[in-house]
Each structure stands twice: as structure tokens, then as C-alpha cells.
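Next, two complexes with chain A in common: one pairs it with chain B, the other with chain C.
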Partner chain A sequence: MDQGRMWSQILLNALIAGSTYSLVGIGFSLIFSPARFFHMAHGGIITVAGYLVYAMAVLFKLNHSLSIFIALFLAAILGSVMELLVFRRLRQQKGSGTIQLIASLGILVVLQNLISLVFGDDVMVLNPGVVKEGLQIGAARITDVQLGIVLTNIVVFLLISFLLHRTKIGWMIRAVTDDAELAQIFGISVELVILLAFFIGSAIAGIAGILIAYDIGLTPLLGFQALFMGVVAAISGGITSPTGTMLAGLLLGIIMQISAWLLPTQWQEAIAFTILLLFLLLRPQGLLGKPLRSKKV
Partner chain B sequence: MSISFLILSRKMAQRDWIWVVGIGCLILMMILWLGSYQSSKMPKTEFRQLGAIFPLTGSAAQIGIWQQRGIELAIERLNQNLTPPAKPFQIIYEDSQGDPKTGVAALQKIISTANPPVIFSSLSSVSSAILPILERHQTVSLLLAVSLPGITERSEWTFRCHLGSDNEAEAMAAYLATTPIRRVAVAYINDEFGVGAVAVFRQVAEDKKLVVTATEAYNKDGSDFRTLVTKLRRTNPEAIYVIGYVNSSVLLIKQLRELGVKVPVLGNLTLSLPSFLQLGGQALEGAIFTVTPFDVQQGQESPELNSFVRAYQDRYQEEPNVYTAFAYDAMMMVAQAAQNRGFSAEGIREGLLEIHDYQGIMGELNVESNGEIEFPTRIVQNQGGAIVPVESSLLKTIE
Partner chain C sequence: MEYLFHILILSSIYTILSVSLSLVAGHIGILSVAHAGFYGIGAYTSALLTIHLGCPFLLGVLLGMMITAVVSLFISIPSLRLHEDYFVIATFGFQIILFSIFNNWIDLTRGPLGIFGIPQPSILGWKIGSDIDFLIVTVIWTACTCGIVYRLVTSPYGRVLRGIREDEVFTQAMGKNTLWFKVSALALSAGLASSAGSLYAHYITYIDPSSFTVMESILIISMVIIGGADSLWGPIIGAVILVTLPELLRFIGIKSAMAANLRQMFYGLLLVIMMIVKPSGLLGRYRFK
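Entry: the complex of A and B
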């Protein structure tokens, strides 16, 4: 295997991994921006979406496209229900971001255990037995699902950028992100904006979960593992900036794949942690983010 | 009463409620503790208790569940055929989650509550962690699904009923030496099992004049192995030996094929199990494995095996596999040792060491003086989901 072929494959691997981190990170940061807490149950939604497709498409033999559509809708609804039943009530009781984080972590654990109880801990695959050799792109290979991950990441990024900068909803989300109290004074319903962010962010989590499930299969821990890298991408990129999150996701993918090349592969997670620590110490606002002001919603 | 309760509840501030709930929880905990204390004082059904620390959740859960089923079937059979005054057997299971730290905590719980003379333990990493504690307590450990080379040498209380990875690696290297393949890359699971297996394979391969082009570790919870595959492929191997026992091992093989790697895949016993073959699908087609003979079809010739297979199928609606068989035979041998030498750790240890020509469902078994129960190894190939004996001519690059 020549050097050129090897590096093109590593860069393509980095693009695939980075797109996954970015996709998860964009959904996470969209919720964080107005809600101002670390929504760990976002990982649970990633997992649930994948398992919903598995249940419908593999167990009940429903059409895959229809299953994906329903799963995405249910993922968005699940996120919204969490906001309505848990986080909104906590905010009304003056619960801090830390309390909401703990509640969110609790929901994640409950969801993981429920999935484990219903489906077991084994890996489930959405296309059992099928192994397709990847498409040849230059000297490297990529499977159709992985190509889907890369393209979906670009589309989601463009749509979210459009939503945030060219629509009224986006304008409201940015207003609440910037200053919730001021936004409320100007007649923006902060609660509605947060609910919308949960709906859209959870749908993105669903997309990520389904794509990851098609790529590598499902386990109850799938969402947690994906969320970890997504959060690193979001913090490193600037947690309220989708552009920063996408760039940081891709950068993280490149660093991790190159480090996996240079070091034993088991060091990959340690490297992600190191990147996170470095950003927190040296540039806490991330690549493109603005320093956050402490606000109570 | 309900009206006074309402009035009271309105008068009480939210903070008061927190106190009430907190004190209520404390009282409830005291009641539960007292209840368990009392029940521990009450006379119980007398059992001969044994302990088992298996991965019942987590990435290796399937192995633990198979082993649990094997032991349950053995106990059911033993308890049905009890001759008084012998007491029935009972197993206390604890979940190690495949994690050494959790395994140690599970062992301490079993020792503090029941202190059984025998503990069945699964997985190399977990077993390695608990062995020193068992040695201190002079408790017999019976290792299942533990392939770490030389592990029984660590303690005179340790026995193993499983194929050692040294046997597997040696068999695989010896087999490869009979084929045109000379360059092998290895991907191994990053724990004691994997590290032990790769060390033996490397040594035996060198003795057999094979070239190990690369050895790469992977995490058992990993899912993205694309760069690892790229690293292995770069060394131009003629075969890739994947050592592991979890689903991620199969994911790695799938990613090998997705990235266009066409050289033969070699694997250890666990990866040849039907659930892994099903998960791997086309990716494992043609893969070569080391296994120990356990053929449910031979039930016709062995009444013991026949009866075991029927009981298993009736209960679980699937065919038993080698992990269930190892556990079943191990439990049966412990029972025999206890019958011959008494139900104590010392008695069972001596009884186990005396077992020779034991007719188990895995064939004729002998316990060696070092605590090993030796099993023959053979090489098989996956052909369309069926495991068949391999011939050298089959082992060529997949076109």
C-alpha cells in the first residue's frame, strides 16, 4: 500500500468520523444555545432513534424509508416531551443548569437501561449479514452509508445556518441565546424558543443516531459514545456556533485519525479529552464562539 | 382525616416536605435493613452454595448468559438426582459487566454473604483481578472463558475449563505453517486475554518462520476501526488474525471488508459462534477459526450429550454451544469432586485433581496437576454460516 493511498484513506476516515462528531455537536449546541445546560439525554435520543428504526424496519419489516421518517419524528417528539415535562418544570422551580444537567443525565441512564432491557446488550444491525465493499474515491474507499453521513452533515449544517440567520425562528433562537431576559422584554416567548430548539436539535440527534446505526450497528451505549465526541466538537468549536462546531468536528476527526495512525488506537479517547482540556484552558469560548455571559432563563 | 391532611399540607412549606420525605426514606431504609437482618437470622433451606461471577450485562454479556445456562442445566440435573442427606446445589450469580473492578466488588459481595468454597469466573481480565483474593481466602476458582496462558500456575486453587489462548495461537500458527501464507497481521482486543494471546502467537509464529507484519490493539467498546484497518493493510499481510470475543471484533472484520481488504480472516474460538457468524454475515464468509470439538450432532452416539442438547433446546429454543458445554461440564466435575471429597474448598480442590477419564459432554476429560483441563484443538472454516473442517487448499486469498 503506497503512502498516497494510505493518507487519502486516513483523510477520508477523518472526514467520516468528523462528520459524525459535527452532526451530533450541531444538534447538541442548538439545544444548549437557548436552554443553557448540558443536555446529556441528547445521547439517549441518538440511541432511541436507531433502535426505533431497528424495531420498525427489521423486527416489523416496515419499509426502511418510512421507518426512518417515523423514527425522526418520534425522536423530535421525545426531545420536546423531555423539555416540557422535565426541564421546563425545573426552570420554573429556579433549577440551575447543574440541576438540569443531572436530570438530563438521569434520563440518559434510564433510556439506556430501558433499551438494554428491551433489546439486550448485543450489537443489532440494520442490514443483517450484508457487507458492501466501499465505493472507490480516488485511492480510498467509502461505503454508501458513510457517504450519506458526510453529505447529511453538510446539508444539516447549511439548513441550520439558514434557519439561524435567515428565518424568524432563527432570529428568535439567537436573541434568546444572546440575552433571554431582553428577548422576553421584546415579546419573544423564551419557552417556545427553547421547545423549538429541543424539537429541531432532537431531530438532528435522530438523524445522527440512524446514520451511525446503519454504519456500525446499534448498542445501548451508542448515543453516549457519540455524544461525548459531539460535545467535544461543540465546546472546541464554540458551543453556540454551528460553523465552529462543524469545523471543530472535522478537525477532531483529522486529529483522532492521525493520532490513531501514529499511536496505538486505544489512545484515541485520551486524545479527545486532551483536546477538550486544551480548549477549556486556552480558549474556553472555542474556535468561533463568543464568551458566554451567565444568564438565567 | 383527609381534610386535616390537606390543611396540614398547605401549612407546610416546601422545605418541610423535603424533611418529611428525607426522614421517611431513612425510616424505610432502617425497616429494610432490620428485615434483612432478621431474615438472615431465620432458618433457611439448606443449600450447597457456589458463586459465579459472569458478564451478564455489557459487551460480553452473551458469553455470561451461555455459561449461566450451562450451569443451571447442570444444577437442575444434579438436584433432581440428589440422594439424601445431600443438600441441593445453589449458585449465587454476580454480574462483572466484563470489568475487572466490578468483578472484584462482585467477589467481595459473594464472599461476605455466602463465602462459598468454589467460584466460577469468566473472562481473562476479570479472573486475573479476582485470583489473588480467592488465593487469600483459599477458595477454589474454576475459570471459564479464560484463555490467558499459564493462569492456573498463579494459584494452587485455580482450575480452568476452557481452551487456552496459547493452545489456540499455537494451533493457528501450526496450521498456517502448512499453507502458502507467510505474512500475518494481528488485531487483538486490548485486555489480558488479547495481550496474552498475541504474545503467544507472535512467539509461535516466529518459531514456525511466519512473519507477523503488525500487531494492533483495539478497544472492546470501540466501533471505528477504519484507521486500524488501514494500518494493518499497509503492512501487506496475506492473512489477518483477529483475536477477540466481543461484537466489536466482528465490526472490525466488517470494516476490513468494507475497505476492500480481501485476505483471509483468522479468528479464535469465540468468533466462530453462531451469533457472531450471523452478525458478521458475508464479512466472515470463509473465515478460519480454532475451535475445540463440540458437535451437537454427535449426540446420537453420546447419551449424556444427547440428553443435554435436548434439555437445552427445550428450554432455550436454540442449539447449545461450546461455552454452555464448558460450564456444564465444569459444574458436573465440581459436583463429583464434592461427592468424593466433601463439600469444602480443600475437599473440592483435592477431588478435582483426582478427576481422570471423566466422561463429560465435551468428551473424556482429565484434570492435570496444574489445574488445567486439556481440550484438543482443530481448525475449521465458516462456509455459508456452517462450520466445516478446513483444508489447506481452501485457504487462499478471496477473489
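Entry: the complex of A and C
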């Protein structure tokens, strides 16, 4: 393969990978912003959504688009139920971010093992039909699903930016993000805002999970691994900023693809987290974030 | 009888892990998700040293502890200046990096194949071969660990740690270099966890990366949190409960593949319930801020 073709393929792959990191990161940061804790069970929702589509479309032979629609709705409901049953209660007991993080980690472990118990640990394939030659873009190739990932990321990013900056709901979410107590005084229902963030954020997690499942197949660890990269993107981008998260996600995609070309791919996770540690050391607020105070975030 | 010894030895090893974690989790209020990694460094260091260099058991343990303490600086110095939640995420990442090294640095660790034929230890000419001998050694070391941690947390040093937990800025204003206290406590905690790893490696005589995953870290965290992170007996009880209770699954006759999943679901569920019902644990008083 000649040099130019290889680089355009690497860049395209970086765009695809970066788009998934960004999708996961945007959902994660949308929940973090008002709720103020690291919602690890987000990874569980990613996995569950993928397997729900598998169960409906492959096992029960339902129409794919209908399955996807139902799975997304269920993912959003699952996230909201977590908020209603667990996190709302913890907040009312004045549970700290660490307590909520631990509970969320517990939920992640439960979901992941539940999936592994029901579906087993083998890789399952969702993509229907025969293998097609990908679309030609310049000198590189991209499959339909991968094109879908790139476009969906752009659409989700635009929708979330519009939601946050041009609608009343977004205005309330941003108010709670800045100062929950003050927002409460001004008559914003903090509980409702957080519930909404969980609903929308979990739906985005569902979208990410389903797209990854169509692209590379399903394993019970799917969400866990996707969550890593999403968290790295969200923190290094500036955790409450969707624009920062998307930029960092794409940048991370480029770094990952270049490193995959230079080093064996099994080192990818280690490289991603080294980047995270460097950010925490040198620029803890991320690319576009506001400076963090050390005691209270 | 052998089975009983096995459970007791494992409980003992996990007690070292949970007590070591409780030093930072309960007294400073920072949660490390990298303890399985520290545990793994200890296991690999002393296993490799005894196999390749014929290094005596105790020296291997000691070197493992020192290496692990130094490794812990890589994570503590950058991230302990940040808010506690960021520390959790940073250690999470560090755990992934350490696992990656165990799993992928084939030349050193043999990767997923693992290292076997780790010699059974001998201390000053006393060959520790039988399970009962090993149980005695582990219990003595566990008691020492508990003693060290207890001595520390009841000393002025421990008081500073709890001062940092309650109000870091105030503790700084009292002239304490809080970063030094946090970094040193984590290094000590990591070193103790590492010694548990050495014991484990020489007891089982075979190690592979699957014993040092992030799930293992979550298990250690569960033990500490369920028992009560800031109490003396809490982490001990947590370790014993979480090692022995899942053994009951074996007696009900559940297949081992399913049992692994069920066991982890049980830990996860217990964590969630504990956070809602009693976040300070069975015996503890401190709840994470």
C-alpha cells in the first residue's frame, strides 16, 4: 500500500474510532454535568442496549429498525430507573460523589455479569446480510455502519449543543451544572433536570452501544471498554463541555490509530490512560473546561 | 480439612489487602481502584526474583514491597492534588495500565500463559511446604499488617490523615504538608498490598494476569466498604465474609462458570445496597465525602 493511501485510511479510521469515543463521552458528560459524579454504570447501559437489539433482531427476528428504536427507549428508561431508585436516594441522604461512584460501579458489575450469564462470553454478530465492499472515499474505504457512526456523532453533537444552548431544558441543565443550590432557589427543579439528563444521556449511551455492536459485534465487556475511552475523552476535553469532549474524542481517535500503527494494539488502553494521567497532571480541567477547584468540583 | 485451610489462607491474604486499602480509604478518604495492580506487582516481583535469581523468599517480598511503593508514586503525585473523585478515575486508569503490563509484556511476565513453578517459600531454613505451615505464616503476617496499620492510625500520623479527610485546607493551615502525608500513606498501603501478592504467588505457585484485574480491585473495595473503612475490625470482617460467603454457592451445586458471574453480581449488588442503607459499612463511622 502506498504512503498516501495508508495515511488517508489511518485518518478515516481515526475519525470512526474518535466518533465512538466522542458519542460515549458526550452522554457521560451530559449526566456528569448536573449530577456531579462519575457514572460508571453508563458502560452497563451501552452493553445492555447492544444486547437488547441482538435479542430482538436476531433471536426474535424483529425488524432491525424497530428493535433499535425499542432498545434505545429501554436504555433511556434503564438509566432513568437507576437515577430514581439509587442515585436520587443517595443524593437525598447527602451521599457524596464518591458514594454515588461506588454505587454506580456496583450497578456496572451487576449488569455486566447479568449479560454474561444470559448470553455467554462469546462474541455475537449483529450485522445482517453479506459482507459488502465499503464505500470509497478518496483513497480509503468505509463501511455503511462506520459512516453511520461518523454521521450520528455529528448529529448527536449538534442536537446536544442546540439543546444546551438554545432551549429552556438546556438552560436549566446548565444552571444546575453551574450551581445546583442557586438553581433550586430560582425555582428550577434540580431533581427533574437530573432525571432528564439521565434519560437523554442514557439514550446516547444506547446509540453508541448499538452502533459499536453493528460495527464490531457484541461481548459483555463492550460497554466497559467503550466507557474507558469515553471517560478519557470527557475528562481530557473538559468534562462539562460537549464541544471539548467531541474534540478530545476525535484527537484521541487519531492518537489511538497512529499508536496502533506503531505499537501492538493490545497497548491501546494503556496508552489512552497514560494520556488521561498526563492531562490530570498538566491540565486537569481539560481542553475546554473551566479550572477545577481542588476540594469541591 | 485442606479445603478449610485453603479458605482460611485466602481469607488471610484478602484481609491484608483490605486492611491495607482501609489505611487510605478509611483514614484519608481516598479510594484506590489500583490495589489489585499493586497486589499483582508484589506477586510478579517476588515470583520472578525467586525463579530467575534464586532470591530468598523474604528478600523477594521486601523488594516487591519497595518496588510497589515506588510505582505508587507515579499515580499518587499527579493525581492526589485533585478532588477525590478524580483520584478514583486516575487509579482506575492506572489499574488498567498495570493489567496491560502483566498481560502484554510477554518477555517478562509470559502474558496470559502465566508463571508456574513458583517455589514454595522457606524462611531461615524452615521449608514451608504444607498448608498448615503456610497458614501459620500468613496469619502471622496478617497480624503484623493489622498491627502496623493499627499503630499508624492511632498515632499522630493517623490523626493528620483523618485531619486531611475532614478538612484538608485546615490541616494545611496547621502547617502539615498534606500531599506528603497522602503520598506516603498510599505508598505504604501499596507496599502492604504487594506483600499479600507475594504470599499469594508462593502459596498457589502459579500466577497469571487474571488474578489482578479491575474486578479484583472492586472486590477489595467491597470488602473494605462493607466492613467499614475506618474501623479496625471492619475490613477484616469484610474480607472474611466476602471470601467465605460465595463458597456456599459451591455447596448448592451451581456450575462454576455460572458461579463466577453470580459471585460478582453478588458483590456489585452488595455495594449498591450498602451505599443506600449504610455507606459507612457494618462497623465504620466514616462515610465518603
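The rule we apply is simple: the second predicted complex is superposed on the first by the 288 of 297 C-alpha atoms of A that agree within 3 Å, B and C clash if a C-alpha of one lies under 4 Å from a C-alpha of the other, contacts with A are read in each partner's own complex, and residues count from 1 in each chain.
Quick note on the criterion: a contact is a pair of C-beta atoms (placed from the backbone, for glycine too) under 8 Å apart; a residue touches a chain by one contact, two chains touch by 3 or more.
Here the structure is a predicted model, which is why all the values come from computation and not from measurement.
By the touch criterion stated above, A:Gly97 is placed in contact with chain C alone, chain B being left untouched. More residues of chain A are touched by C (comparison of chain B with chain C). In the superposed pair of complexes, A:Phe273 makes contact with chain C only, with no contact to chain B. By the document's definition of touching, of the two partners only chain B reaches A:Gly134; chain C does not. Judged by the touch definition given at the top, the superposed model places A:Pro264 against both chain B and chain C.
When the two complexes are overlaid on their common chain A, residue A:Ser116 makes contact with chain B and with chain C alike.
When the shared chain is aligned, no partner comes close enough to touch A:Leu182: not chain B, not chain C. Of the two partner chains, neither chain B nor chain C is touched by A:Leu158. In the superposition on chain A, the residues of chain A contacting both chain B and chain C are 116, 264, 266, 269. Interface of chain C with chain A (complex): residues 29, 31, 75, 78-79, 81-86, 88-90, 93-94, 96-97, 100-101, 103-104, 168-169, 215, 218, 221, 225, 258, 261-262, 264-265, 267-272, 275-276, 279, 287-289.
Against chain B, in their complex, chain A makes its touches with residues 1, 6, 9-10, 13, 16-17, 116, 120-123, 125, 128-134, 136, 141, 143, 216-217, 219, 221-222, 225, 257, 260-261, 264-266, 269. By the touch rule above, chain B contacts chain A in their complex via residues 57-59, 61-62, 190, 216-219, 221-228, 230-231, 233-234, 236, 247-248, 250-251, 254, 257-260, 275, 278-283.
Contact residues of chain A toward chain C in the complex are 37-38, 86, 89-90, 93, 95-103, 105-110, 112-114, 116-117, 228, 231-232, 235, 264, 266-267, 269-270, 272-274, 276-277, 280-281, 284, 292-297.
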